[in-house]
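In what follows, chain A forms one complex with chain B and a second complex with chain C.
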Partner chain A sequence: MNPMLILPIVIPLITALALVLSGWNGRKAAWLALIGALAHFAVNISLLLGVVNGGIQATYLGDWSAPYGITLVADNLAAALVAVTGLMGTTVCLFGIRDNLDESCGRGFFPLFHLLLMGVTGAFLAGDIFNLYVWFEVMLIASFILLAKGGSRIELIASVKYVTMNLVSSAIFLAGIGLLYAKTGTLNMADLALKLNENPDARLVLSSGAFFLTAFGIKAAVFPVYFWLPASYHAPPTAVAAIFSGLLTKVGVYALMRTFTLIFTQDQEFVTDLLLVVAGLTMVMGVLGAVSQNDIRRILSFHIISQIGYMIMGLALMSPLAIAGAVFYLIHHIIVKTNLFLIGGIIAYHGNGSYELKRLGGLFRHQAWLAVLFLIPAMSLAGFPPLSGFFSKFVLIKAGIEAQSWWIVAVALMVSVLTLVSMSKIWNEAFWKPRAEEKGDGATPVGFWMPACILASVTLGIGLNPGPLFEFSQETAAQLLNSERYIRAVLGEVVP
Partner chain B sequence: MEWFWAIIVGALFATAIFQLLRRNLAKLAIGLILLSNAANLLIFSSAGLTRGKPPMVPEGVETLAAGHADPLPQALILTAIVISFGVIAFFLALLRLASQRLGITDLEELKE
Partner chain C sequence: MKASYLLEIATRRLTPLLLLFSLWALLRGHNAPGGGFIGGLMAASAFGFYSISFGPTATRAYLRVDPFMLIGTGVATSLFSGLLAWFFGKPFLTGLWTKLDWAGGLKLGTPLLFDVGVYLTVIGVTVSLLLHLEED
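What follows is the complex of A and B.
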C-alpha cells in the first residue's frame, strides 16, 4: 500500500474527528483546523510531486488486487486537483477562522469543512465507479449540513432546493452504475475501460453513459440543469460559499472528464457533439443570468455556470490541445472563483454585511488595496492578459479554431466580453460610485486579506509564468487521451 | 423473474418522478424515497437473479463454478441503502424545519 494516496483522505478525517472529540471551540478549534488543513495541503503537494516525477500511482486497499478490491488512483489530473483542493482548504480555513469565531452558528463549521475536503479528495482519487459514488455522498452530506446549518430563511430555502437536486442526481448516478455493472460485471474504472474497448456494441453502453452524463451534468451545473446553483450559493456564510464555488461543481466536471475520456470512448462523436452544444448554452445562459443580477454573490454564482461551459467546451472538442485547455481552465478557475467569493465577503464586511450592489459604494476611496485585490481575480475571470484566465481561454479558443468549430469560438469570445461587463459592474457599483450611506472604514482583519492575497498571488504567478502549468496540462491531456497508461498503472501487466 | 422486476422498477421510477413534479413538500420527500429505492432495485435486478444458488465455495474446491448468484450487487445495494437512509433522514428533518420556521408546504412558496 502506498500511504501517499491514503493520507490525503485520512488526514481530513483525523482532523474532523479530533475537532469533534476534543469538543474545542473558538480559538483552539481554529488552530487545530488550520494545522489539519496545512498538513492536508503538504501531503497533497507531495502526492502531486510524486505523480509528476513517477507517473500514475495506484494503491489497493487491503491488498485486494484490482479489479476486485477498492483502488485509489492518482494520475496527473487527479493529483493536480487534489493539490488545488489542499490550497483551497488551507486558504478558506484561514478565512473561516475570522468568519466563524464571532458567530454562534460557527460551531461545527470546522469538522464539517474537513469532512467536505475528505469527500472531495476521495472523489478525485477514487479508482472505481461505485467508490466515486460513495465519495460524492460523503461530500454532499457535509455540504448539506454546511449549507443548512445557519437555519435562516434564505439558507433553509436554498438547502431544500440544493438537497433535492443532488439527491435526484445521486439516484440517476446509482442507476447508471447498476446498468453498467449488469453489462460488464466490473466497477473498476480501468477494468471498465478495458472491457468496453473490446465490446463492439457501443449503443448498449451509451445508455449508461447517458445516466452518467445527466448525473454529473447536474453536479457540474451545466445547461439545462444548472438552476439549483444560483438558487443556493448566495445563502451560506462566505467561507462556505467560497469552498462550494471552488470545489463542488468541479468534482462534477472532473467526473465528466474522467468517465468520458476513459470509459465511454465508443461512439464518441455523439457525446462530443452533444457536449459542445451543452457547453455553448451553459456559457451563454450563465453569463446572461449574471448580467441581470444585482447581488455580488448571485453574479458570481451565475459566473460559475458560464465558466463551467468553457471546461465542457474543452472536453467536447476532445483534441489534445482542448483537453489541456480544459485542465488549465479547471485549475485556474478553482483558484480565481474561490478568491472572488472571499473578496465578495470582504466587500460585504465593509458594507455592513450587504452584498447588494445598490447599497455598496465608495470602497475605492477607503479601501484602495481591496480594489486592487478584487481586480486581479476579476480581470483573470474575464480573461485579461497577463492573468491566468487569459491563457486558459486562449488555449481553448485556439483549440476551437483548430477544430473549425467557429460558432463555439464566437460564443466563447462573446461570453468573455459579457463577463467583463458584469465584473466592471461590480467594480463600478462597489468601488467607484460614491457611497450611499456612511459606514465604518475600519481596517480589514488579517484573517480576511491574507487568504485573498495568497490566492491572488497564485493567479498572478500563473499569469506571469504560464509555461510550467501549460506543459503540465498538455502532459495531463496526453495521459487522459491515451487511456492505456492509466489502465496499465491500475491493472499492472494484465494488459495485452 | 427479471421481467417482473423490470416492470416494478419502471413503475417506481415513474411514480417517483410524478411525485417530484408535484408541489407539496411531503410529496417531494416521498418522490425522493421512491427514487432511491427504484435505483437500488435496478441494481439488484439488472445483475441477474439466481434462485437457490448462494455463492458458497464447496469444500475441497478452490474456486466457484459458474452459475451461482453474484453477491456484489447486494453489497452495493446495502451501501446505497445506508447512504440513502441517512440522507433522507436529514432531508425529512430539513423539510420539517423549513415548514415550521417558514410555514411553507407548497414548493411555489419557496421564493425569497
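What follows is the complex of A and C.
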C-alpha cells in the first residue's frame, strides 16, 4: 500500500504529541514545531509529485478495502491543496516563533497548530464522506481552542460566534450524510457516485445536496451565511488569523467542489444556477463590507468572503475552463491571503500593535521595503498583471464570457475594482499619509519578514510564469469533471 | 468544605473497585460489550468520586501523573499500535495478532493496544475537565 498518503496526516500528529509529551515550551518547542512543519511540507510535496507523475492514488486503512474501510484518496486537487497547506504551515509557524505565541497565548499553541494542520490535511485526503465530517470536527476543535486561548473578552466573543455557526453547519452536514447513507447504504464517495449514476434518484440528490450545500456554504462563508467570519477573524493573534484565513474557509470550498463534481452530478442546472447567484452576491457583499471597514484585519476578513465568491463562480459555471480557473484561484488565494494577514501583523508591529487605519501612517517613509512587500499580495488580490491574481481572474472571466453569463462577468469586474479601492485605502492610510504619533521606526525582525518574503516570492513566481500552474489546473479540472478516473482509482476493477 | 463522612468511607472502598471494574471492561471489549472508551469513562468516574470527597488537590496526588500527560500518552499509544503494522509491511492500522500458547492459547493483538490508548486518553480528558471545573 501507499504510506505517502498517511504520512501527511501522521506527521503533524507526531509533532503535536512530541510537543505535549516533551513538556517543552518557549524556544525549544518552537524549533521542534518548525522541524515538524518542514517535514510535513516535504512529505506533502513528494505526495504531489507522486500524484502528478503517477495519477490518482488511494490507500485503505487497516487493509479493509473500499467501499467498506476508511479510504484516503489523493487526486490532483487534494494533493495540490495538501502541498499548499504544508507551505502555509511552515511559513506561519516561522512567523509564530518570532511572535512568541507559545508564551503570549499560553502553553499549547504549537501542538494545537499542528493538530489544525492534521485536520485540514485529513479533510483534503478523506475519500469517505463521514471521514470528511470527522476531519471537519478535528479542525473545528483545534481552531476553536486556538481562537479562545488568549482569553480576552474580544477573543471569547469571537469564538462563541465562530463555534456556534460551525456547530450548526456540522449538524446540517451530518443530517445530509444520514440521508445519503439511509438511501444508498454507502459512505465512500466513489461508491456513492457509482451508485447514484446507476440508479439516478433526483429527489435524493436534491435533498441531500441541499444539506451539503448549506453546511459547506457556512464553512466556506458564502452569502447569506458569511457573517460569522468577519465577527471572529479579527480577534486572534496574527499567526492564528493568518492560518485560519488561508485554510479554513478553503476546506469548505474544497468540499463543495468535491461533492458537486463527484456525487451530485445529476439535474445540476438548478444547483449551478443557485450557486451562480450565491457567488455573485458573495462577491458583492464581501467587497462592500471591506470598503466600509477601517481596521486592517476586518478589511482583509471581508475580502476573504468576496474572494470565495470567485471560486464559487468557477464551480457554478462548471465548464473545464471555469473549474481550472477556480482551482488556480484557490491556490493563488491561499498564498496571498495568508501573506496579507502576516503583513497586517507586521504593520501593526510598527504601529504600536494597532490595526486601526486612523492610528497608522508614514510607513512608506520609514519602512519602504515593507511597502513593497505589501504591494505584491495586495495588487495580486486586486488582480493586477503580472501577478497571480490577474491570471486567475482572467481565466474565470473568460469562462464567464464563454458561458455567456454576462451579469456575473460584470459583477466580477466591478468587484475587482472595489477590491483595488480598499487595498489602496490601506496603502493610503498606513503607508502614505504622515503618521499621527512618532513611534516604531525600528527594523522589522527577520522572523517577521522572512515568511512574508517567501510567500510574496511564490506569488511573484506564479505571476511571472503562470503556465505550469495553469496547465496543472486544467488537468485537475479534467480529472474533476470526468469522475470515472477517481472512481476507478478508489474501487479498482469493480467499475464496469 | 468538608464532605460527608459516609461519602469518604464509601469512596475509599469504591474507588479501587471501580478502577478494577474499568480494567475488566477494557479487556473484555474486543468480543463483548466494553472497550477502551467505556472503561475509560468508568475509571474517570472513580477519580470523579474521589475529587468530590477529597477535593481536586488530593485527586491530583492520587492520580500521580498529570492528566494532560495521560492524554498525550494515550494518543501516542494508539498511534503506535497503528504504526506497528508498517513494520510488517501492512497498511496503517491493520490489526496484528499473536497467539500465546503458554497462556492457554490467549490471542493478543494491536487492537487491544489501540484500546489501551483510548482508555488512557478518555481518562485524561475527562479527569482534566473535572479537575479544571472544580479548581476554578
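Keep this in mind: the second predicted complex is superposed on the first by the 491 of 496 C-alpha atoms of A that agree within 3 Å, B and C clash if a C-alpha of one lies under 4 Å from a C-alpha of the other, contacts with A are read in each partner's own complex, and residues count from 1 in each chain.
In this section, a residue touches a chain if its C-beta (ideal position, glycine included) is under 8 Å from a C-beta of that chain, and two chains touch if they have at least 3 such contacts.
From a predicted model like this one, the values you see are computed outputs, not experimental measurements.
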### Message
Both complexes share chain A, so when I overlay them there, do chain B and chain C fit or clash?
### Response
fit
### Query
Angle at chain A between chain B and chain C: what is it in degrees to the nearest 10, using CA centres?
40
### Task
With the two complexes superposed on chain A, say which partner A:164 touches: chain B (first), chain C (second), both, or neither.
first
### Task
In the overlay, answer first, second, both or neither for which of chain B and chain C A:181 touches.
first
### chain B versus chain C as contact partner of A:130, first or second or both or neither
first
### Query
Touch check for A:6: first (chain B), second (chain C), both, or neither?
second
### Task
Figure out whether A:141 sits in contact with chain B (first) or chain C (second), or with both, or with neither.
first
### Task
Pick one for A:410: touches chain B only (first), chain C only (second), both, or neither.
neither
### Task
Report for A:156: first if it touches chain B alone, second if chain C alone, otherwise both or neither.
first
### Message
On the A-aligned overlay, A:52 touches which partner chain: chain B = first, chain C = second, or both, or neither?
### Response
neither
### Task
Note down the smallest distance between any C-alpha of chain B and any C-alpha of chain C in the overlay, whole angstrom.
9
### Query
Which residues, counting only chain A, touch chain C once they are in their complex?
1, 3, 6, 10, 13-14, 17, 20-21, 23, 59-63
### Query
Inside the complex, what are the residues of chain C that reach chain A?
68-69, 71-73, 75-76, 79, 83, 85-86, 90-95
### Message
Applying the document's contact rule, which stretches of chain A touch chain B when the two form their complex?
### Response
130, 133-134, 137, 140-141, 144-145, 148, 151, 153-154, 156-157, 159-161, 163-164, 167-168, 170-172, 174-175, 177-179, 181-182, 185, 187
### Query
Which residues of chain B touch chain A in the complex?
20, 25, 28, 32, 35-36, 38-40, 42-44, 46-48, 70, 72-73, 76, 79-80, 83-84, 86-88, 90-91, 94-95, 97-98, 101-102, 110-112
